[in-house]
């Protein structure tokens, strides 16, 4: 059972991302979208990347990051909305953290 | 068959609805069977016929209408949430509700959830 | 931060039903009430629905609250109807309670207090998830 | 003379408006000159005549009306914010707007802010 | 110049209270209301109380705390809405953190 | 946590005008645009208004943003009109920038980066405060 997590809020302003991380499992994937893009620069993201060491697939909608002038780090895959749709059906369910 | 149901809880003047729309359109273009979009909480504001957004801003409501027409995409609004937000649902020939939307109850959400292989909330 | 959940797919039952995550405190917004309305309608249609309380959502379960003191109709009382609707699985995140210095003192019975890992595992047993 | 202007940005179905109302009523009862309440952002929803809140819930709109009548308290809604939220402000004999409210522009907020010794936002 | 701070949000969910504290001055007062009452049990409140040692007047609307079953600690004054109105005019301005 | 501000009342000018605190990121809600509309109308009425950016509000000032990439009309471009409206005092919280690993690289000129204490002191010079 794998879950796709849509993260839409800034972890600098709300604790949604922390809640998402607390239930994250190995087969899961994350998509950062909207203000979730700001989390690329949050310390929770740094420790997540170190902790999962590639076992969780972390993505960001490229246009959402670019609109916000947020640089995409190498551990995170820039994707488009068509990829998000595909991921939706590659996982068993979606949880939206907003 | 890949079936998708979508729940929208953000209002048309929030930009979060743009992401939802882009996602739903991408799903439809990919041939996914989107069995319905259920508007709940502030999402019901999308069906308010009197909403006027400045013409140079994103016209979320028009885009939902376009998807509804092009793909026969069912757009449901929750009646309880709508009445709380000043969208009168009781008249027979109602002029407050945009005709692209169907007035439904939460039972419709149960129906969509049961039928869909994926449920996505925006 | 917790360790990641590791699940062995082969030992699992097929996921079914709806999980509703409650993440907001009860009295300032209508999120809690809106989530409750969804839960009850699923119950009324005899569909499996489970309730999860995490973050500020755990405040919805605290004993001795009284919305009437601030002129709010207390929808929390309706939680006692869960049994009638066969809503049996109520989970609360132990870490969220601890962060808020809250005792395990709830206004309904049969609330299951779970570690983050078990909370995630319980979520995973459901086919769909909505979060309010 | 103690003068107070109040800005409300939360909608009638949020419980935050109860706190605002209680505060304004306490100020009026204490003899404070409340020169006006300005409804902005989601606050404008208070003026939507079609809103129907379950009868056993707090009737925020009725309470604002009551304060308006008892104290001649001016209640202004921001026209731009209202149009975005489906409250039609252009008709002469408008039936969508609750009569306790006056349709104003942001200029009214400037006026209130300039005149008031305290400005409080809810 | 003194400021009265209305704190309406839970510091467990948003960073508004932290922002309020970052601009807090000695003559200021705080009123916890609505979900701001939850901050009575937040670590930011503990450190605030130690730090200001009585120089900042900290209040909570009693009915708002009681409705939420939150115990009022001794360093914080339980007040009513009429007191909030009085405080409004005992300070030079009000900032609402919501 | 910063030390409390200590101000000597006698050395102060009388407080005047409106301070607007921007606390939200630009593209997900309308708060930034709503605050901007208030600022411009105060400017148009020749009333003193100053803008403060704190928390996620500092994202409104970042250079190289482009809302059009996500179909949003970019209200941030209107910030360049501040000079025309005699809105001269634009303050940003240094700590909020640092927390978010943001450089002092803004899309408008004459933004003053202030420590939390100075940010609070600048706020205090205003008679009224609104926060969006």
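Letters are used for the chains, namely A, B, C, D, E and F, taken in the order the chains are written, and counting of residues starts over at 1 for each.
We adopt the following convention: contacts are C-beta pairs under 8 Å (C-beta built on N, C-alpha and C of every residue); 3 or more make two chains touch, one makes a residue touch a chain.
Everything numeric in this text was worked out from a predicted model, so none of it was measured.
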{"item": "Shared interface partners, meaning chains that touch chain C and chain D", "value": "B, E"}
{"item": "Chain C and chain B - chains in contact with each", "value": "A, D"}
{"item": "Self-contact between copies chain B and chain D, residue sets same or different by half", "value": "same"}
{"item": "Which of D-F and A-C has more C-beta pairs touching across its chains", "value": "A-C"}
{"item": "Chain A on chain E, rotation in degrees - Cα superposition, rounded to nearest 5", "value": "180"}
{"item": "Rounded Å distance, chain A centre to chain F centre (Cα mean)", "value": "29"}
{"item": "Centre-of-Cα separation between chain D and chain A, whole angstrom", "value": "40"}
{"item": "Whole-Å gap between the CA centroids of chain E and chain F", "value": "24"}
{"item": "Residue list for chain C, restricted to those that touch at least two other chains", "value": "27-28, 30, 55, 70, 72, 128-129, 131"}
{"item": "Multi-chain contact sites of chain A, meaning residues that touch two or more partners", "value": "8, 12-13, 15, 34, 64, 93-94, 96, 98"}
{"item": "Interface hub residues of chain D, defined as touching at least two other chains", "value": "13, 15-16, 19, 22, 118-119, 121"}
{"item": "Chains that touch, pairwise", "value": "A-B, A-C, A-E, A-F, B-C, B-D, B-F, C-D, C-E, D-E, D-F, E-F"}
{"item": "Chain A residues touching chain F - in the complex, by the definition given at the top", "value": "8-10, 12-13, 34-35, 38, 41, 63-64, 66-69"}
{"item": "Touch list for chain D against partner chain E, complex", "value": "2, 4, 10, 15-16, 19, 22-23, 26-27, 29-30, 32, 117-122"}
{"item": "Residues of chain D touching chain F in the complex", "value": "7, 9, 40-41, 80-81, 105-107, 109-110, 113-114, 116, 118-119, 121"}
{"item": "Chain D contact footprint on chain F (complex, rising order)", "value": "18, 30-31, 34, 37-38, 41-42, 45, 47, 128-132"}
{"item": "Residues of chain C that touch chain A when the two form their complex", "value": "1-2, 4-7, 9, 12, 15, 21, 23, 54-55, 93, 95, 116, 119-120, 123-129, 131"}
